[in-house]
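Structure incoming, see below.
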């Protein structure tokens, strides 16, 4: 069996999640390529070395530029903050490496557009690029998409999406990098809003055509780790209305101030024949309302998406045995490895991720101008 | 339109619930007879008078023997504690009055048997008797029965029934009449266990053939209202296993010590083709699992039993508008009035209620002897 | 005990609900005035007569102008469609009658302003006016308000409100009056959007200061009852973002196209110390997250709002016994009767309802202009 | 860092789950010993070789007797059917290897007693033995135990435990080894009933003192894989009542015929001060009712047991990110490795598992005799 030799840049939260996926993927799925965890890269030598041991990489490095040029690597997995995605990702593609890049693809549309162009160019040489919108790989979400695609809910009228967290409700929570625009690009919007934009477009097969938005920063100054305080330069919450190109209307909300909601990614679609609803806090379940059943028997059905008939699940345990958050990354890596082996383009592509970035940009402009902002579909399509 | 002139004996909790039903039934349902709330009877003159005003009765009385002999009454509604049911109910039937008797029918099998015999004798003269197992009239419960009867869950394998309350968890809760065997007959067993025995037999269409039981009194002494303390002479909790005559096995539990469960009457049936589950704390919902749907779409469906297609509901509000506890009594009275008008025997009959009493008696004997006790079906049938 | 003699105009859905309330209120609550259901009024003689019998009114009438002038009436209950509220309500107040008016108060801000002015004038003479936002009287909603007012969730950051129905999803559903702008004023917005505007302002104690909105009519032509088809002239769905004067940001959605959601009025508030959430399909429950509990014990708590400690509930059944939709009207009438007896102004006042109308108007203008529209608070305050 | 060299016997469902645990444990947890997956053993050479590759073992073997004698192994992990546990486990302990044995410990009390005796003897030499009741290691279950131990629910009155599956509802499901008494020992009772016996004793800290039971085999003949049919010699369902030595009463039910319930392990405890409830289908949640809160605020709280404050969870992802079934094995192995490194006895011990076996035996004898059967505590204690 051939190998797929992986180098990962960044080893914090996302790096740990990706490592678990690379370690596990070939033990859960039968694939034509075997992932090899060749090297992990981080700026700090000592921490990178410790990460290699803890996360299961064969070696460590501190210079990502050297890593991407290595001859013994096939793929670069970019797990750093968003401000470095473009530089690393484009360079890695140029060095002939497949690239898996964490979301959001970049901190700006301009950067994302460069990355998408680089990916398109690389694609011509059989070099693959994929953006890590892992929630697409929740089995219940993939099932939702299947039901929609099969016409089980009919014509979609409503999209209702929230991503609710609460980890910065305390005003004394420090000014971490995710609260700084220069590093993170935006706040709740890019971090978690990006997920619900991608996920709803993925499950509906429709694209957002315009938005009306509002953003808010509730706590504007926070303690610095070294003492003193600094300014929060990103949004704490982003709310927007939208229209989709298939005729649906939508509400979106991303916030880090929803006390008690830890990772509340929820999506509901209402169609002319039925509805589907998902809540990541109960990620093994999908609610499905089939409006074509006899009237007295209609109801929201709690499908435990753990049957072998459900996407990805035949690889795991018997029906009724839940999987967890990390499995979404294992599934993501599975699909990527399979695409590379099959010489196909994996999804979501960098172009897909660029389109998400364009939506997020429209949201920011709408919030700034208090007007409806059309999403420039032509730009995304122009790639 | 003809009238059905009602006299009610007892005006505490059950009396208030029945009054709300009598007041409402003709306004919600189209019936050939109009209920007239003629007289309410209670031992204490002043309290009976107040009850008449508060609950909407035209007059009050203190002597139930005089009440049942009145010529201007058609029906006697017995809402007193269980120790008086037999005497009042039998006398009322003998006086030619239809009788609605609260459950449990009586405090002993012997009494219940006399009442069932009296009802059978009265029946021959067109006098009707019905026992008030009101939970049969929850729309979601009636729907459950319909689904079972239509074969939607196939052959029933399992019955799982609990009735959980917590109102006497505090050891300082006083020694009320419901905790005295001489008045109440038994504790949780007769008060709420009777409901789940009746309800499960009603929805399954099967009868219990034997039980293995255990009862417990956790707090054996409680304060008396007049000072000092007295002995609790009934069970706080009754648990039993059972077999039903259609081949199902069952667990039952009735307790007043389930902290946090206020009125947790729950029933689940598992059949060869599907399952149904009900929880009175969410009385407008029925869960239904249809094992004949495509595997990837199977799940417990939350049917909001508020559609006009659901039992009793076309009389009320548009779909999605919940009804409450008291509606079960309105439905009970509706069915009773309709049966009287149609010259049919209402259900549950006194014989049905006797059969429940026989089951409860078997439970008590099983708990006392720590052995399996068959339910004497032949006795019930012998009536 | 004194009487409060009531005349009701209109006897369809709302008329039936109000009748149940008037019939029940004195039997559930101890009040200084006794409601007397004197007369019901409808345009069609035969139907009005039937309604009187069915709903329990002493008499019927067909001319509301005559009704409001009667000397034997104290209060006029306006249950007609919105286009007649202003005329009837103002005339009734001028005739010295207390007025209970169903929501929305009127079909336009201009009408609502006239009504509020009339109510203010009448108030000076001890004549009371109240608008029927019945959901304020759900015990769990009233509890929500109490928790917020007591500071239990701290400073409110987020309001999330939807009112989801699905009764016109079928394109063959006919063009009823609620789908005609000339009669109903607006569609989902005024019918159910009005409820969530009022309810969220009620529970938060904050007022909406501006909105950004989008409305949609999915099915633009529908069958007429007499054959042929006609144009739907109201919104099927209304979505809007808002800011509240206490610093919260909000999303609102009202729709009649949410397949499977029958009466899904849901409100969630996230505050700096906790959160509360309510869903009318489970109207006896309130979810409460107390962020001040020990971290390992925090969670959304399902409070069964059926304890005697909860608003309105001591009048009803023991803990754990659900109430239903109609009880909200009984509570509404209870509060109105109590206010009249106490010579106090009931709430929500017509001025409160006018403010809701101003918000709805801003929503319509925002949807039309695709811009942020401030809510003219000064106008409401000017009354 | 020292190594713990593991040999695993058996590589089916449990073998795959244990492999995932051994592969992951050192990447999730900081431990003084590093697990090395040295060898996997299976009867069939080809399948064992494939399992080694798929599951991540360095080598494979076919003779367990040779495996347990190897000098390069520290621990033997027994994942075979129950009829071989005693022989392999006792031999491995005799060979000086630590042993992790899947549950049930054995197919009979006699065998389990021998194993417990062997473990006690080995313990004196620092050789450790542990039985794999993995559900103890669900964070929400461990939290349940902590709350109980801290007195948060007071004196326990009720235990309510079910383990509901449905994988053999179809009468055409074949006669697999789990349906043959000679291999599996018993049916639902030993397979899943064992789990709820262990789990409830674990969380309550109380032992079962007697049982009253009923077992049933609904489908008595099933197809053989080679054609024809054979007799089902185990129970399909086992139901029993019990008393615990701390005064609680209990109901237990284990079945493979609960249509729609896939892996429904549910436990509820009601105490004098509160209650806790758990459902494995929502394994990241614990419901907790705190009866000491203000009455108006009491309710079952849904604790998302994914906070760093919760047992095991600081090793995983941020709050709100669910874990899955396989994590219970990773936690089990973590605790075992930690105990071995700390030279402490891991739990549950073989003696603990013997006690469970004694309870199961009492259940079978009670079902056979239709009488109450005391659990022979003295025998367990005599070890």
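In this document, chain identifiers A, B, C and D correspond to the written order of the chains, with residue numbering beginning at 1 in each.
Here, a residue touches a chain if its C-beta (ideal position, glycine included) is under 8 Å from a C-beta of that chain, and two chains touch if they have at least 3 such contacts.
Bear in mind the structure is a predicted one, so any value in this text is a computation, not a measurement.
Enquirer: Which other chains touch subunit B while also touching subunit D?
Expert: Looking at subunit D and subunit B together, the chains touching each of them are A, C.
Enquirer: Counting C-beta pairs in contact, does C-D beat A-C or the other way around?
Expert: Contact tally favours A-C.
Enquirer: Specify the chain most distant from subunit B by Cα centroid.
Expert: A
Enquirer: In whole angstrom, how far does the Cα centroid of subunit C sit from the Cα centroid of subunit D?
Expert: The separation of the two C-alpha centroids amounts to 54 Å.
Enquirer: At what distance in angstrom does the C-alpha mean of subunit D lie from that of subunit A?
Expert: Centres of subunit A and subunit D (C-alpha means) sit 36 Å apart.
Enquirer: In angstrom, rounded to a whole number, how far apart do the mean CA points of subunit A and subunit C lie?
Expert: Those two chain centres are 41 Å apart.
Enquirer: Subunit C: which residues touch two or more other chains?
Expert: 261, 298-300, 304, 307 - these are the residues of subunit C that touch more than one other chain.
Enquirer: Under the stated contact criterion, what part of subunit D meets subunit A in this complex?
Expert: On the subunit D side, the touching residues are 13, 17, 19-20, 23-24, 27, 30, 54-56, 165, 167, 261-264, 280-284, 304, 306-307, 316-327.
Enquirer: Taking the touch rule as given, give the residues of subunit D at its contact with subunit C in the complex, in rising order.
Expert: Touching subunit C: residues 143, 146-147, 286, 288, 290, 295-304, 307, 309-310 of subunit D.
Enquirer: In their complex, what parts of subunit A are in touch with subunit C?
Expert: Touching subunit C from subunit A are residues 153, 157-158, 160, 162, 164, 166, 169, 212-214, 216, 218, 237, 239-241, 243, 247, 249-251, 253, 255, 257-261, 270-275, 289, 291, 298-300, 370-372.
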